[in-house]
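Every chain is named by a letter (A, B, C and D) in the order it is written, and numbering of its residues begins at 1.
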Amino acid sequence: MSGKRKLGVGLIGTGFMGKAHALGFTTAARVFDLPFELDLVSVADVSEESAEGARQRLGFRKATADWRDLLTDTDIDIIDITTPNLLHKEMALAAIAHGKHVYCEKPLAPTVADCAEMVAAADKAGIVTQVGFNYLKNPLIFLAKDIIESGEIGEIRSMRGIHAEDFMADANVPWGWRLDPRSGGGALADIGSHIIGSMRHLVGPIRSVLAETIIQIAQRPVSRGAAETRTVEVDDITRAFVRFENGATGSFEASWIATGRKMQHDFEIYGSKGSIVFTQERLNEIKVYYAGDDIRSRGFRTIWAGPEHPPYGAFCVAPGHQIGFNDLKAIEVHEFLDAIARGGKPSTDFREGYEVQKVLSATYQSARTNEWVDIG
Amino acid sequence: MSGKRKLGVGLIGTGFMGKAHALGFTTAARVFDLPFELDLVSVADVSEESAEGARQRLGFRKATADWRDLLTDTDIDIIDITTPNLLHKEMALAAIAHGKHVYCEKPLAPTVADCAEMVAAADKAGIVTQVGFNYLKNPLIFLAKDIIESGEIGEIRSMRGIHAEDFMADANVPWGWRLDPRSGGGALADIGSHIIGSMRHLVGPIRSVLAETIIQIAQRPVSRGAAETRTVEVDDITRAFVRFENGATGSFEASWIATGRKMQHDFEIYGSKGSIVFTQERLNEIKVYYAGDDIRSRGFRTIWAGPEHPPYGAFCVAPGHQIGFNDLKAIEVHEFLDAIARGGKPSTDFREGYEVQKVLSATYQSARTNEWVDIG
Amino acid sequence: MSGKRKLGVGLIGTGFMGKAHALGFTTAARVFDLPFELDLVSVADVSEESAEGARQRLGFRKATADWRDLLTDTDIDIIDITTPNLLHKEMALAAIAHGKHVYCEKPLAPTVADCAEMVAAADKAGIVTQVGFNYLKNPLIFLAKDIIESGEIGEIRSMRGIHAEDFMADANVPWGWRLDPRSGGGALADIGSHIIGSMRHLVGPIRSVLAETIIQIAQRPVSRGAAETRTVEVDDITRAFVRFENGATGSFEASWIATGRKMQHDFEIYGSKGSIVFTQERLNEIKVYYAGDDIRSRGFRTIWAGPEHPPYGAFCVAPGHQIGFNDLKAIEVHEFLDAIARGGKPSTDFREGYEVQKVLSATYQSARTNEWVDIG
Amino acid sequence: MSGKRKLGVGLIGTGFMGKAHALGFTTAARVFDLPFELDLVSVADVSEESAEGARQRLGFRKATADWRDLLTDTDIDIIDITTPNLLHKEMALAAIAHGKHVYCEKPLAPTVADCAEMVAAADKAGIVTQVGFNYLKNPLIFLAKDIIESGEIGEIRSMRGIHAEDFMADANVPWGWRLDPRSGGGALADIGSHIIGSMRHLVGPIRSVLAETIIQIAQRPVSRGAAETRTVEVDDITRAFVRFENGATGSFEASWIATGRKMQHDFEIYGSKGSIVFTQERLNEIKVYYAGDDIRSRGFRTIWAGPEHPPYGAFCVAPGHQIGFNDLKAIEVHEFLDAIARGGKPSTDFREGYEVQKVLSATYQSARTNEWVDIG
């Protein structure tokens, strides 16, 4: 017996992200001194069979084909939602209504109104929420934030952010859910929300945007290899100029047709006394420049993640060994549980998901009008 | 005796760029089999003394404090102008009027109208012109252009370009000619023209832009260390969305306050079958990705400049030894002389300088109106 | 019920490596379709208290302060040894005597004779063994091996290997177990065995070595901050020339005083038709050069780990997301269990541990005599 | 008239290195404030025709097919020797006998005895000598030396050096002068002398070596495409352990069959308080690590060459623009002329060439005996 209070988890969805979340819980329990003893209670999926398979593989106690079973399961304290975006709202609201804490994969929901409703419900119920902006849960991103907040690189003047991949670069990739406008958009909605999240996290709230969207591949086969095509209505590329509330400016770009790019979540932040350069392609490194260093030996420092960058040390006692993508999920889980224990709010709670969605929505609006749009 | 016809050079201006041009001529004569025997006839500067110093140092035969002396010197075939931008037009028109070929440092002139006048005069006189877009005279940029034109990376879909340095990042850098609006603008006019040149060179003519300009440091000391300040009216940062005539899209950014950046002339070009990534910070390397490479061993190839990338071999018989910034000027000179011999046009003649200026001007116009502006 | 046979695990040792192994088992069970249902039966540590703490944290059913309890536990099929090197032999022999499969952290044992005894016992008992050479369990190292074996880079001519860190670079780091000659040596024994493992794995058996060892910091404080010092008798740096049995040659170096290096497990392999360059500092990238690529666009390809490099896809469906150090342990576990199921041998079984120890021992011997030493 | 004394140059040899030296003189005269007015008097080559062609191209006044003509030319103060190694000694001794200063391409001569004779003659005559170790004439190598000598990275403990290229990697490259044992050896003599030079320059005199040489490609065609082959007697790869006189240790490797490598002149220097990492593949960058930097933002600093690293500023007023291989020759020329003016000695005079040759010779001797060989 650990003497710690048990905290029960119910997981909805068992795909790529479902597995990543389950791993996040099991790894977090082993590397962190969590405030609770975790109980992986039940997993829900669309069929009995897939739920049961996931139960065994992911180490849960129960399985169900009806996600609503989780709502009434008194062993469950947290509902973890990793289903397609269009289902998030219904599930989250139901979970909140049953007093569960909610952990939801990003994006929170396809529209700002949906997000607002979810935030309001969560606030009213007083439960703790978390959205999966896992790239922010990197020890080196914590370092970047710390360097910025410490003033070491001076007043932040500008930030350029990119999130580019190439999984849609081949014009033969067929029409699918990613291209369904009801999902909330294309490249920006699907992957660009990450870079919006990074910009808000590191430089602060965004006041307004001026944007354009590009549909580069106007027709896609209706299915793999089909001659019949369907018109694409969502963005392959979105670009935006950004004004932050603190006076800094910047830009971001999202693309899912950047041939050769697999995880170009890049940013460059320029301050009056230094700068920070990062790419998610090398998530265990960050480059920092201090204008105050002696001029003859001044240059971007390539910093490797190590125990001096918490919580890296939870994963490995030695620097340079490197954490991976799935480990970021464990850090996210830790932050969530910590907030539950403290009665606090994770930095990426539903409200943050809502704020990101507002920027995303304003970006699409600006692209339609070619005018600066204020974030409401 | 070489049996080659002599070609006489008259240089106006002996600062950083004057020296670079002189070096360009002397190096070109030694590494290339030029179509002419070069005669460094005369150098003009603002005083007898500085002109004479430059004459000795740079290896010219004559020196003068009156640049007009060069116009009537019958030994001189080429007038090379490396003076401040505001003087280019008068000097170039005078040289053209005297039937000289003209080599002019970029930017051609501060306004589109000035540039147009210069192009018209040159065309009418039938002389050969060249503008100093030296970053384009890189063997690896020739390779990039060749790869694009060969279709190896498919249809070009997008290009992102940056030109960022940090020489104005310190708010204590005083007011000076770079900040004088009569120079044609700030960061974009001063260094951003390079990235516009690269975008046109590699992807093609630009149809329209949507831009914003940022004045980040609103006041500068009137002189180094002065308490009195003067209001800055030109851009520290300019960002633009770009539509190319061939249907590709892109963006560019110019900044002279990018702390830590010394020569971030970077671009990324994405095609349907591959991509190209380059930074001028490492001018002897370029990265190329071929989507058609075997999937398991596919990745960006880091290509080092070598004799297989003409005219690298003129400088060094072995790959990997590296050429420098000044060598790019020698290649520029070679291209210019070659055009004179052939009766052709260099790729970066006055017309190209004029086209770049049109994009630059449209960018500033768009930044004032926040509307898409067509390049006339 | 999965219908799979259960396989029980008993873990001895709960430090850094004990935790990494436990994580390896739990992650492997979640990302791979393992041939068994894993049962984390029992964990042993030096005290009841630490064992019980580890039990709860790492998710085992039982805890004990006597590792011998695991030998007689009929639920246990695998004994996993993560204790200090000097204890490996006794524990492994006992486990083998009880018919358990044995998973042992590297190095297998401090002497060749000890290793030989362990191999003989394992062979006689017919159980499956595994030694923790986790850097070899990288999808990109599998790729490197595949590229070499396919002949794509021709006949392998040479390999240069480094394993350098800096945890002993500060002369104030006090005397400790790493410096105890009974551990089998210094930098080479402690971390250099990894690079010997990589060289054998990729190029093949080593025939002979010529080596030198350096004690750079001859005295260390007896404890942190102590004025009293103790003489260091083991190597800070070891360097060796290597002759492989297949005719290739090479060198390796191990150092634990390489200031600034955290995980410089680097190698370069040169073949007659290409080459491979890798650093563990960026474990998700590998560089491959094909001499047969078109000369003008030839260069080292930077390949990012992706689903096309099994078993990366078990961790993440998308390329470029990156796996971490702990994930390598999960791959190691998978290989071990797979060998148990198939009745085969993992590539890094006790015999491989013994072979590495023979090279290590020959290296130290050569350093004493300054003569080429054949690997027996 | 500059008022400076004229200094006449006579060049022997007009191949790759002859051209590079001529460029070195003309560039040096334009970028530096030299202590002399340079007079490119005469160039000698094997035929009238080639000498005359070089004269015109390289800007000399006279041409001759008899190098001895330069000895008696009273306008000539410096004899510059860029002929094949076997001719260096005869030419240098003749030049010295005529009281000329001598600039000689590396290696000084194929044997230690020859080098000694040349040093003795130069010393006796009191003339100034220079050997072409141009990689050392890099502003960033000056920085590295300065950082080491300042003590900033503490006591130097070790250095690893590589010089690898691949111009002999193809087994079909035919037998030629590089493979002639009379040239003094193979890869080590041809290109490895550069890394010996770098090690001596940065860490200091070498006391002893233990080495091995490898002939990987035992037979080469007698000419391109020939079926007939000739036995190779010189090294494709040489590796050595090194003991410096100051107590540091290290290793070097020379290879001309390192497939994919064009200019891998790499080194890593580890001190007690920091380290330096460099590759000639990126000659305008150097990486420096300071153990004393704040732990959380500590990392290798990538330093770009700039005006703060003299004499970079002579070539370009702005940082990051990059100098090239040929510019290093201009710096070498500057150092030589400066020594002549001051009556001093360049750091890479004949004596240094002799010292490098002693290390080279001892390395070959050690490879034959497999014993440590002291540098005499």
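In this section, a residue touches a chain if its C-beta (ideal position, glycine included) is under 8 Å from a C-beta of that chain, and two chains touch if they have at least 3 such contacts.
Just so it is clear, the model here is predicted, and its values are computed rather than measured.
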item: Contacts common to chain C and chain D (chain labels); value: A, B
item: Between chain D and chain B, distance of the C-alpha-averaged centres to the nearest whole Å; value: 34
item: Mean-CA-position distance for chain C and chain B (Å); value: 54
item: Geometric centre distance via CA averages, chain B-chain A, whole Å; value: 42
item: Chain B residues counted as touching two or more neighbouring chains; value: 261, 300, 304
item: Category of the chain touch graph - line, ring, star, complete, other; value: complete
item: Chain B - residues contacting chain D, complex; value: 1-2, 16, 19-20, 22-23, 26-27, 29-31, 33, 37, 56-59, 165, 167, 261-263, 280-283, 285, 304, 306, 315-327
item: Parts of chain A lying in touch with chain B, wherever the complex brings them together; value: 153-154, 157-158, 160, 162, 169-171, 210, 212, 214, 216, 237, 239, 241, 249, 251, 253, 255, 257-261, 268, 270-275, 289, 291, 300, 370-372
item: Footprint of chain A on chain D - complex, ascending; value: 143, 146-147, 152, 287-288, 290, 293, 295-304, 308-309
